[in-house]
Amino acid sequence: MPDQTKSPESGLQYLRQLIAEWKQSPMAEALNMRLIAADQGTATFEAFPSAQFYNPQRRMHGGYVATLLDSALGCAVQTVLPADEGYGTVELKVNFVRKLTAETGRILCKATVLHAGSRMQTAEGKVMDEAGKLYAHGSGTFLVYRP
Amino acid sequence: MPDQTKSPESGLQYLRQLIAEWKQSPMAEALNMRLIAADQGTATFEAFPSAQFYNPQRRMHGGYVATLLDSALGCAVQTVLPADEGYGTVELKVNFVRKLTAETGRILCKATVLHAGSRMQTAEGKVMDEAGKLYAHGSGTFLVYRP
Amino acid sequence: MPDQTKSPESGLQYLRQLIAEWKQSPMAEALNMRLIAADQGTATFEAFPSAQFYNPQRRMHGGYVATLLDSALGCAVQTVLPADEGYGTVELKVNFVRKLTAETGRILCKATVLHAGSRMQTAEGKVMDEAGKLYAHGSGTFLVYRP
Amino acid sequence: MPDQTKSPESGLQYLRQLIAEWKQSPMAEALNMRLIAADQGTATFEAFPSAQFYNPQRRMHGGYVATLLDSALGCAVQTVLPADEGYGTVELKVNFVRKLTAETGRILCKATVLHAGSRMQTAEGKVMDEAGKLYAHGSGTFLVYRP
């Protein structure tokens, strides 16, 4: 992947500015999630599970975890795009492997780009607690939109 | 699938009671979604997309759509379980096929059970607007927990 | 979807010619599968499970079922493309819901296009025996290549 | 994960014996694939793409790649099971990121267990050529069957 960190027009620079300014998307704000780190091909979100986002079984809703993964995967993809190229999630798959509740505490989702093509990108991510225990993992496909 | 509609102990009866009482899970409440219909092997949610749940690209966050699908798939699965059996999403896959914004208006997600095994269930669902236009579709795998 | 059945240049016409001439792809030939029907937005394959394609657990390999689904999904997509447009599978997901062996006999896989966009298509399919019992289901995403 | 390498009854020992004896499943044999390495939580297959397994677009069929991934994921899961516990693929998802042909030469698929639960396991895998170039990646869910 080309080094885009020096270009003032890179997606990575844009994301780092968001982090510096504590700006989030409306959905991340609504679900108490935040992009905390971005590098070439990777992005990390933190989230604070709470009963406010429980499913009927009194644990974190699968959609909460899916939101966290989609957010991290999308930002990872953005780090390797020029700032003027858009992208959209085409497909997202999540595996839920452990019960997640408010008691879990702060969780992290780190996503990594696996394929950075000119038309399509793929990325994968893992949701872990602070001790490194895995709660969910997933992957997604993204289409790139040229200006 | 057995007719569980007459048993006072069925998951279907439980869901219909929730509908009658306008009760939702915390997550559905938070994202403005609601179970509106349940039958043997199917469940339907409605949702009202709004800018409050936008992603950084100013359209509905993929996680919003994933939440809607996971909710509908899970309730579809519950309609064919006895009331005392639990279930959990093991895996969810979503395809996003059309841009969804606040202008789309009310959307519906109807889910259908495809396989109702004793250990595992699968279901699929579609997200459409009121004109029947498709915005997303997906499928999921669920594990059944015996008491 | 536009009616392409009358154009001599349609993917559907091309597939129907293959059916008439009993021509298959090398992989379909190798695994004893065959396209048997194609219509606007749908395609059906038949397959004849045999011990030759067993996995170490002495049932049909998941890859056999995945091949059947990918074949049917791809042909369904092709039915709605002009003959000069290519396509490729970007992503495939399969749910295996029932044990499949040589004793199952002839199986059918019918696939249906769910979204026919200019850049991307999605399709879903089901694998059933002759009695209509479900063995697997899946969905896929396809990119369209213009000449 | 417990160290099962010393037990004569472990899935890992069983797989290593297969490797030593050059034994493969019928499907692996049919598609010219072979398990070449197994360790705690990982398994590696090699495969030799050839025109015999092409799709109608004259490249390796998606089902070929799916077979390779399902094989490697399944063996990775088996390495962390006692020899008397069975398993089955519940769900498999594959991303195809690069065109694969007979010219690609020998490819490798390394799979890694991500979650080893008592009822369910998940694993991920990558398909690369000898230079480490990525052609596909995927993940799967497996149910564990106690004797």
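Going in written order, the chains are labelled A, B, C and D, and every chain counts its residues from 1.
In the analysis below, contacts are C-beta pairs under 8 Å (C-beta built on N, C-alpha and C of every residue); 3 or more make two chains touch, one makes a residue touch a chain.
Every value quoted in this text rests on a predicted model; they were computed, and no experiment measured them.
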| item | value |
| --- | --- |
| Most distant chain from chain C, judged by the mean position of its C-alpha atoms | A |
| A-D compared against A-C, more contacting pairs | A-D |
| Separation of chain C from chain D, taking each centre as the mean of its C-alpha atoms, in whole Å | 23 |
| Centroid distance [mean C-alpha coordinates] between chain C and chain A, Å | 33 |
| Chain A and chain D: spacing of chain centres that average the CA atoms, whole Å | 28 |
| Residues of chain B engaged with two or more neighbouring chains | 90-91, 93, 95, 120, 141 |
| Chain B - residues contacting chain D, complex | 90-91, 93, 119-120, 141, 143 |
| Chain A - residues contacting chain D, complex | 93, 95, 97-98, 114-115, 117, 120, 122, 124, 126, 134, 137, 139, 141 |
| In the complex, chain A residues that touch chain B | 25-27, 30-31, 51-57, 61-64, 66-71, 74, 86-96, 99 |
